[in-house]
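Labels run A, B, C and D following the written order; every chain starts at residue 1.
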């Protein structure tokens, strides 16, 4: 099947591939790489790789405590990266941005520090049926340890959050709603501003797992009105090993530290310890110094394109991909059909063929997709599926990738005799 | 890898041998592959001395690799003693599959082996160590 | 002062500088960089920087869950790095190696997971007076939360662990002894094998903070007999954002997870969760993937030299530096004088001149040292010092750096009129 | 940076003005710079109306920068009202030092300011925001 090449979007994704060395590497399929697994982790543009080399080669030293040129230089760049993150997510102040390893650690930090201080037996915490394990298991642990109750807001058959169910549960005055902005298993975009309003009216704080939204669309913590936000650098073209937690300053200041050690203290005696100010209070030990510079470079790369354009590009690809996939017999698609409610992350089921087989066969065609439960086993249980195949798109994808995807599906169906 | 999907693998997948549940049976175990959600159970009937496998069946849903692996493995078990089952080498299970299994699909290929071990030791078995099983160089 | 150039060591540190881009960078002092702050964090050789570029450019994808070439490739390299760490620290199995951000997180992981499960009110935990805050504050927190008692083994006036005091305290049957191998504030090398024997005889587990030893000398967890070991990659020429915890398998297996989320689970339902096997159980979320490859490259670089030679080189530099510094009037040196008991980390006090001033003036001479409490405020309190100046050596240092150091001291004393 | 250590800085360090403890005094505060362990206290004596600074002294150990900064700052305080003290701009404190202060030494240079703020607000003051203070471009 050939997808018509007329375009309604804003930039040429295929042209951007020149910025990403991974597309030059030979692949064992002998075919160019159609990379459709950015929701798991994104390739890195040369700008990020070079920023890392530069940071390690010429501006590297431990931060915060050194009275010499290199350390001052490294500190300024590290704090500059914090400011870049704050700007990128519309945070009022960079002092509210805590560097962590990944979104998972950001959420654990809140569950440990805020959770263990504020949640008591009998309290209610809300999560949803569509969450990544990172935004589920820490709350299960918190509930188990404190005797609180954890409930999950239901999702509809087409993968949207059930707002009626949300309202019902909010009426019981939960302390916290932990929800993702974009579901990595379904692609659903939640109406976060509206949800936050409802949650705040009910007296609940809102923690937003923005791991799948910040890389792909303009996100402003201030405009959304949320209280905490978690993100991972590696999903937004940045290095692995770095992510961020944003939280309202008053909340962060009232929270006890999570991990303890160097850098996060004010004064240590053998009898006891006082803490440094936010955000250092939450950054025990030597942080991911060069990785912060790499994350700033990734933000620079995305800002160079413009996040509104990134979103428009992905919206365009989503519409084309959804249409093309819907045309194939024996293929079922999960999540809402509307491009307003669905990011460029498509979970699909090919009748009679297990996703693990799909992914292996696709790999032979040079098409990289994810197969499995996408760290969202409750979503799989909700739709009674063992697993799905997921194709996710980013700036370097384009219509040719959709064609490669549909071709691979046809080939797989032929091999299994289900075409 | 397309060459994983040889015709005989797809035939075992479409038409698995020994599929179902034995009733009555002497041994039963169910386990799953956490990375893909595949679930598999196995029932074994022993001979009069409760020493050797008289009959065996597996059940559950899964990918072509795990289904073909279970189909091929269960074909081999009749007449074996419990000690022989416990001593089964996961490497052999992979070799008997006759297609190159890489690390990403190893758990699919070994799910049947793990369920069988669970049945004979009466408890959840560990996944064999990837490095050990792939050491033979069957990785693509 | 000119230091005699006859050498008794094994390799030419100055020649290795060619491997480290930071020494090519122009510095505002206009002088070549005499880098004497490796104990805080080490520069990176080109081999590590290139390994990172290669990992990000050509072998990057999320690990563990991908059924396509890039992800298999990334996973194999990530697990290969785990095996390299295990080999480097003499661990019986790579399955006992948990990747973390840094030594601080390694210790916090044990304090949270092992500590919260095994420590009860009234229990005794031992640390020492010479620890880095990373190996003090987590135990203070644990003691506070559980009602356990935390005691500190005393140190002698010349900065050695007081073994009599250790024996006395061990007689009261502590559950754990948390001790560093090499003190970053004093340079002291502790006799860990002997200490571990004593601790085990008393029924205590031993957690070794090896952040300052693993980079600088052969270390074998098996030979030392310890139970846990913590290290940081960035201090051993590796990337920031990655470190490791090693623990005996039976201990790790009995411990509950620390952070929770993706990758570390076996099965998640809305009702509850079961955990993956060790070490994955402790690695929630996307790890520092490329940084693990970078750490393996750093290990490769160090193994290329040979850790016995690294130790011999640093021992040589320590002896020369100690002798040269001892000759300067108005300079006091901390820690034991014997090279068997003192790593190439020298804390010094220049009478009448504050370490902050020292470091600033040294910076003007192109000499990078650390000034402050070195995250070991109790050590400062022990010797009634507000801070010290610390010079620490590594493979790229050589006799010329000692000369630069002594020259800078003389210049500083002249400026302050204390010469 | 050698040019931090101009003669007048070293003179203030060797021979600080207003060093000691006032007894009696109206206001007293002590604080420390956690990064280097420097400790400083300040005592202030007010005029009859308890409005203006009649006398001031600082005490404690520290580096040349923090000592010189305290010496220079305290020289300026006599006759100032409490409101004026509270409104003091940390940028001015840096400027009055007359040498280029970079981020690594900012806390040394501002310790006296912080202790003074503590004395007049009667509680531990925050460190001024680095970005605000250095915005003037006095960084080297």
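The rule is simple: a contact is a pair of C-beta atoms (placed from the backbone, for glycine too) under 8 Å apart; a residue touches a chain by one contact, two chains touch by 3 or more.
The structure displayed is predicted, hence computed values, not measured ones.
Steps from subunit A to subunit D, minimised over paths through touching chains, total 1.
Here A-B and B-C were compared by C-beta pairs in contact; the pair with more is A-B. Work out the mean CA point of subunit A and of subunit C, and you get 32 Å between them. With centres set at the average Cα position, the gap from subunit A to subunit B is 36 Å. Averaged C-alpha coordinates put the centre of subunit B at 76 Å from the centre of subunit D.
The distance from the centre of subunit B to the centre of subunit C, with each centre set as the mean of the Cα atoms, comes to 46 Å.
Multi-chain contact residues, meaning those touching two or more other chains, occur in subunit B at positions 35, 104-105.
Multi-chain contact residues, meaning those touching two or more other chains, occur in subunit A at positions 28, 65-68, 71, 265, 267, 356, 360, 363, 371-372, 377. Interface note: chains touch in the pairs A-B, A-C, A-D, B-C, C-D. Within the complex formed with subunit B, the residues of subunit C that make contact are 64-68, 71-72, 75-76, 265-267, 276-277. By the touch criterion stated above, subunit D contacts subunit A in their complex at residues 32, 34-35, 102-105, 126-127.
Residues 21-22, 25, 27-29, 33, 35, 37, 40-41, 43-44, 46, 48-49, 52-53, 56-58, 60-62, 65-71, 101-105, 107-108, 129, 132-138, 140-141, 144, 152, 232, 234, 239-242, 257, 259-263, 265, 267-270, 272-273, 284-291, 356, 359-360, 362-363, 368-372, 375, 377-378, 381 of subunit C are the ones touching subunit A in the complex. By the touch criterion given at the top, residues 1-2, 4-5, 10, 14, 35-39, 61-65, 104-105, 108, 140 of subunit D touch subunit C in their complex. Here subunit A touches subunit B in the complex through residues 28, 353-357, 360-361, 363-364, 371-373, 377, 380, 385-387, 415-417, going by the rule given at the top.
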